[in-house]
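Down below are the structures I want you to see.
There are two complexes below, and they share chain A, which is joined by chain B in the first and by chain C in the second.
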Partner chain A sequence: MDVQKENSMVKQKQMLAEHFMELSQVRETGKKVAYTFVPGNLTELIYAFDMLPVYPEINSLQSGMRQKSRDYIREAEEAGYSEDVCSYVKCDIGMMLQGNIGPTGQQLPPPDILLLSYTGCFVFMKWFENLKQFYPDAEIAMLHIPYQESGKIEAGAIEYVKQQLRNEVIPKFEKVSGKKFDADKLAEKMDLSASAEDLLVEVFDSARHKPSPIDAYFGGVYYIGPIFTAFRGSESCVEYYRELLNEVNYRVEKKLGPITPDGILENERFRLVVEGPPNWTHFRNFWQIFYEMGAVFVGSTYTRVGGIYDEGFRHSSQDPLRSMAEYCMGCYTNRNLPQRIDLLETFITRYHADGFLVNSIKSCNSFSAGQLVMMRELEERLEIPVGFIETDLVDPRYYSYSNIKNRLDSFFQMLDQRRPVKSAG
Partner chain B sequence: MKVYLGIDLGSTTSKAVILDAGENIIGRGITNTRANYEVAAEIARMEAEFNSRFSLLKSRLMQEQNGSADWERIFEALESRFHFLQFKIRFEQLLEMMLHNSRQLDPSADPAGIKSLLNGIQPEILKRIRDRFFTGKVATSSEFFRDLFSSVYLHIIQDEDRSRFDQLLALYDRSITPVENKIIEFDFDALTREAIQLLAEEMELPEDLIHAHLDEVAKLSLEPDDYIGTGYGRQLLPFEKEHIKSEILCHAMGAHSCFPQTRTVLDIGGQDTKAIQVDSQGLVTSFQMNDRCAAGCGRYLGYIADEMNISVSELGPLAMKADHEANICSTCTVFAGAELREYLNLGEKKENILAGLHKAIVERAFALLARSGGVRNEFTFTGGVARNNAVVKYVGQLVTKNYGEIQINTHADSIFMGAMGAALFSARRNKQ
Partner chain C sequence: MDYPAFKQFDYSQSIAFARGLVDDLNFSYVSRWKKANPSARVIGFLPIYIPREIIHAAGMLPVGLFGAGDRIPVVRGDAFFQSYICHLPRTVVELLLNGNLDEFDGFIFPSICDVIRNMSGIFMLQSKNRYIRYLDFPQNFDEQIGGVFYRSELERLMEDLQKLNNSGIDTQRLNISIDLYNKNRKLLKHLQDFRAAHPHKMSAVDYYLIRRAGNIMSVEDFNDLLESLLESVKNVEADEEDKIRVVVTGSFCEQPPLGLIKTIENAGCYIVDDDFQLGLGWMKKDTPSDTSDPVNALVQAYLQDSIRSSAVYDSENEKGDQLAEKVKHLNADGVIFCAPSFCDPALLDRPHLERAMDRHHIRHFSFQYHENLGQFHVIKEQAGTFADMIKLWE
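Right after this comes the complex of A and B.
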């Protein structure tokens, strides 16, 4: 059966195709390229210098979805990376070893600058250290983002990040791009970012409706695409979210569930909140287990790793550097465990979830730690049924359909079993 | 009469439990899970049905003749003779199949000689197995047709004619599966009468009285009013979707029904270890299962037993005789086997090695238990492995060490907990 696609999805595909086309033509256009990470990305700044961003994690997840990650991971393991190393890293390294062919089949240009924005994931540093071996001529800019250890953004931290932007990142961008920093241009992009962010928040918040018109996890992956990657701060990004919100509002009005690869989810039976990224190598198969059970995700933390906008933060043209600092520090990956639990609690209560699920990532040492504690805390705080499964990002060897299905069958039956008791009580 | 059936299709054994309308267990059945799950489920069900008829017959006789006979002992002996007669029927089919297959042997293998050898050893095999049944030496919940036959057959052919050992073994290998996968419609009434006759040769029996009740009990309809299947192989049961339930929920329900104060259930089965937290109603609140690796489950014990050339049921008692535990650190079944051999080479007593292996299993299960939130209150240990006394000993030690003085429950029916939970779900949904 053909996968059903909405206009917004088609538009996103076009945007991505154009972006990768542009990347493949940098030799002709002379545009400079910055490799950077999704959490705490400075896309507006990159574009303010007329440079183009490349996101290694996105390339890895795309390789996973396109069934290329197995080969890439093998390649990286042959080069000495152990089985326990983050599979995004191995997939990216393997891709480079095999010629750096991007998801559209076009070769990706080498980086002119490696912009390391360090937001919570300690693997990022090692990853870029290794990339530096591949690209010895690339400039390196390191943006150190203080972790929210105390559960809030400390006063000195903003100034600390601003100083790095002012004294480290911007001068290096100027050097690489050969252009002077243009504050007005950046401010303009920041305003466009804020507009897209307003729309995204409305999309996510539509999950308060019953049935939920969106799937905030599997569908959410598509919803966050433009804003997490190469398009934040652009007109096309705002247009995308306007289109998406129209589609969502239409579904709200018609009381329709979200679109799945097999059509509209018709009988919403379970509303879930999830912690942890989805598996990419078996994305559709994984999703199918849920939608076939009538399960819809009304909230997910994965869709906040590239920025949290639900609590009011917006990129701002008033003090762009301050705004970028706050953005980077506010990403989900940069928050401590109690903050992550609080956010999940908000999702569970605001979107009336029936259950909470953790999809723990086998090869992620940064964020899989602590998930059991989070799960137990939520179970105790909210008396909500909880479930735990384990897959991987892009290593297909760690996706065991029968094990996952077995656990999820039990999880759904557990939700069913507890429902009448809860309402009777 | 109204009865409810629960079937637990595990990776190693398939279990069935029949409940009456008052949720009392009236019958249990168990068999080895073979490649054909449908057959395994049907055999377990039939065994539970026969067991139900025996328990109904016993309770009627006890009511009528209260205290005048030792009905418990009589029925234990009667059922073991019934099982022997069942064994004999399948045994005859196996022998027929082996004789048939012997015709296809290469002429150089002397098929005629093999045939006459098989015919020659037949009475001895049957006699040895009969003795085991009649003296109560068959562990009915872990020794099945295949195990019983092969253990005796292999000994005999080894002693009989070593030069033909490989051919005789190959003949058995070729014949056992089709015979094992055949559903035999045993005639309960006729077989029980035959069993009564056998028993009457050994002890005084009120035969007329038993026969009078047997006439009625054999005719009782025990067709389940409702049924639920669970376990590792549940999706392969020939059941409709509404008759299938997750084994996590069933094990929790079974354990909770036996011990209502239970809040944490540890189940170690053939290939799964499950740590389950339940609420006061027996409803599951969270669970953890082993992923990717089944070291520390029942199959691990089976492998170790094979490595040591002893039966699974001997493992626990041997480990209980240890004076200390050898330090086994492997979390992998195969490597644990290598460690075992290394210790044997070093001259360590096998009891101590086994004790170390048992402790290693339990430590592994406790890691999973910790992931599920630990032991919250009364703790119930279920699954086939809970029948191993050495495992139970280390579970007790570790619960106390890690969680303090907590009530620890094990049940004689621990292996039937999943099937019992399934049967309970089916009984209860019909009350609603």
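Right after this comes the complex of A and C.
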């Protein structure tokens, strides 16, 4: 079964390599390129126009993992970007200033269109305003996604997003791609997305088993999530998740823990739910702190920034524009704080978590502002041990191993101390 | 209100009154207003802009909450925000938890950044019996798209306020409110023009205090105060000093401490324009006040006549050229980019604004601050050097 486990990973590697190869060949193929963001991404629509998506956040995190982000950030800061602002933005701008070499070492093509899906993060807007300065010839389409301030999606907001899709985004896609909008093609992709979403939910939901067969945070961003964002709406995406689910089901059957960089986690001691993005510059080192302690993440919110499917939402071919509007507005950081707390409570209870951890990211106010209140609220509601650490996305200056380790050691001690009290009760 | 007649105030009295309001973290003006209007509600709002006309037409008092600067020790506020989040939310939460905002019946959080947005959620959790509203402004400026959405947002706001105040907002009342705010912007524009022409007659601190107080007072009182000030300021006797003229930009939300504003002027720079209280002048033109559909008038004003700030989508980055135009129009010598630490909108705009200034051959320099900054020595050196450089070499 080791081979079977590797199947999804091999497939992921192949899919990503082919994607970046395609991107590197757009001059020859004439394919058009859309830069866009993970939250509120319109992958189905991009593929319906036969364009290729580029996700600057993903490039930044890849740069962080490849130890390139320090230089890129320095480059951007020298160009006037403050140390205080989002390191994803600076890393992306720095990478562009140094030749736009992507994760595979190939140069990324410039955008034909900047699809600014302004979903749950204000910085996205500023980011693409800045990129537009560097790519003056690129078309730019703004898709403003209203926040769920009232705790629900308002009717006026759905209509607003649909109108923007119909009158702003699609006409610009038609102009850039030179192709007419094909509703049937989009509908087909929406159906494929829904199939992949069913499988994705099953993968994430497997964390209810003990031991959990997945790590919903590190594994979540490493091999569960990426394919979903970049390839949703394709047959190969469905195949990937079918493969992955088979592997997960095998691990459930055999009571195996998740795969870590050092092999299968054999002794699950702590089940955790985490709020906030991971650190990318020290990804393996960061993950190692947890798996060496036998800690596994059974739920995470970062894996929901690209969409929440746990509650039943699926992309739908019935009314694709409405469906895309609902998808965008439902993304995690587009939800108000009480909604976010409720979702975390669901994760903690459904997946029988022993503790709740916040990884507070210096760069990301969209996530970070309010996390301390969320933490206290969950502690009060659920009487669960909570932990708090601070890192950054891709700025290595904000990763302090000893600080993080000290805090986590205390957190794990607290979890250990709680255990007998709980069982005695 | 039973305040002394503003129209009889001389210049010093106007400034002293404004300073009293700004310094008063107990918002006693608000308490007195509530006593005079016992059934009416008070709505606090965060920077930058909200359509105050609607609050006013609902018989309510809109009050701007711009933090507490260095006038309050942050004890509990720090437990709500990590060290890398700007300072304004800390003092606002501190005021909330200390009971300084007890007279407020609701709070509106305009969509300007992630921190103010998430703060609406913090208030929902901390202040469960009060009206909390995050107000989304359209980033699409097409009348049939963003306009329709904005109207639905405003109508929802009006419904909420009417329930809260148990009183209706009719066409006539809304038109009256629009008219009062038109008058207010006109008076502010007169004051701005006067000050740009005679910066030595009214210090930047005094000018700031008047506008900041205007975000606390009722529009009727503020208009009276401005009318008297526009008369009294003409009588101020002061000699013009050999200072350069600068535009300060980037401080539209978290406010610089008074000491910082004073430091810039003392270092040899007359601040002839700034965005400290940007929301007061959000509309460039009068909003029609004689229509049968005043909500539509407000919507159209937002779409067509509002200024471009860092919180508003601007793909063509017209802000740079607009800033350059302003510098030329005001005959300013340079620009000071003065943004709060950790302010994403201001700091992410700064590089291309700086490039625009370079393109237009306009001198500039930049620094960051936070609202409770206590040391101004470095800024004084920077501003002084900037002023000397321009005076000596340009």
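Here, the second predicted complex is superposed on the first by the 414 of 425 C-alpha atoms of A that agree within 3 Å, B and C clash if a C-alpha of one lies under 4 Å from a C-alpha of the other, contacts with A are read in each partner's own complex, and residues count from 1 in each chain.
Definition applied: contacts are C-beta pairs under 8 Å (C-beta built on N, C-alpha and C of every residue); 3 or more make two chains touch, one makes a residue touch a chain.
As the structure is a computational prediction, the values presented were derived from the model and not from experiment.
Enquirer: Considering only touches as defined above, state whether A:390 meets chain B (first), chain C (second), both or neither.
Expert: In the superposition, A:390 contacts both chain B and chain C.
Enquirer: Should A:121 be classified as contacting the first partner (chain B), the second (chain C), both, or neither?
Expert: A:121: touches chain C, not chain B.
Enquirer: Spot which of chain B and chain C makes contact with more residues of chain A, would you?
Expert: Here the partner covering more residues of chain A is C.
Enquirer: Per the contact definition in the header, classify A:18: touching chain B only (first), chain C only (second), both, or neither.
Expert: neither
Enquirer: Touching A:338, do we find chain B (first), chain C (second), both, or neither?
Expert: After superposition on chain A, A:338 lies in contact with chain C alone.
Enquirer: For A:368, decide between first (touching chain B), second (touching chain C), both and neither.
Expert: In the superposition, A:368 touches chain C alone.
Enquirer: Just chain B (first), just chain C (second), both, or neither: which does A:132 touch?
Expert: Touch status of A:132: second partner only.
Enquirer: Look at A:266 in the shared chain and tell me whether it touches chain B only, chain C only, both, or neither; answer first, second, both or neither.
Expert: A:266 sits against neither chain B nor chain C.
Enquirer: Is A:157 contacted by the first partner chain B, the second partner chain C, both or neither?
Expert: second
Enquirer: Across the two complexes, what residues of chain A are contacted by chain B and by chain C?
Expert: On chain A, the residues that contact chain B in one structure and chain C in the other are 372, 390.
Enquirer: With touch defined as at the start, can you tell me which chain A residues reach chain B in the complex?
Expert: It comes out as residues 372, 375-376, 379, 385-388, 390, 398, 400, 403, 406-407, 409-410, 413-414, 417-418, 421.
Enquirer: For chain C, which residues count as touching chain A in their complex?
Expert: 79-82, 84-85, 89, 111-115, 117-122, 124-126, 133-136, 138-140, 142, 144-146, 148-149, 152-153, 156, 310-311, 313-317, 339, 341-345, 347-352, 354-355, 368
Enquirer: Quick check: in the complex, which residue numbers of chain A touch chain C?
Expert: Residue positions touching the partner: 79-82, 84-86, 89, 116, 118, 121-123, 125-130, 132-133, 140, 142, 144, 146-147, 149, 154-157, 159-160, 163-164, 167-168, 336-338, 340-341, 360, 362, 365-366, 368-373, 377, 390.
Enquirer: Show me the residue ranges of chain B that touch chain A in the complex, using the header's touch definition.
Expert: So the residues of chain B touching chain A come out as 232, 245-249, 281, 283-289, 291-292, 371, 373.
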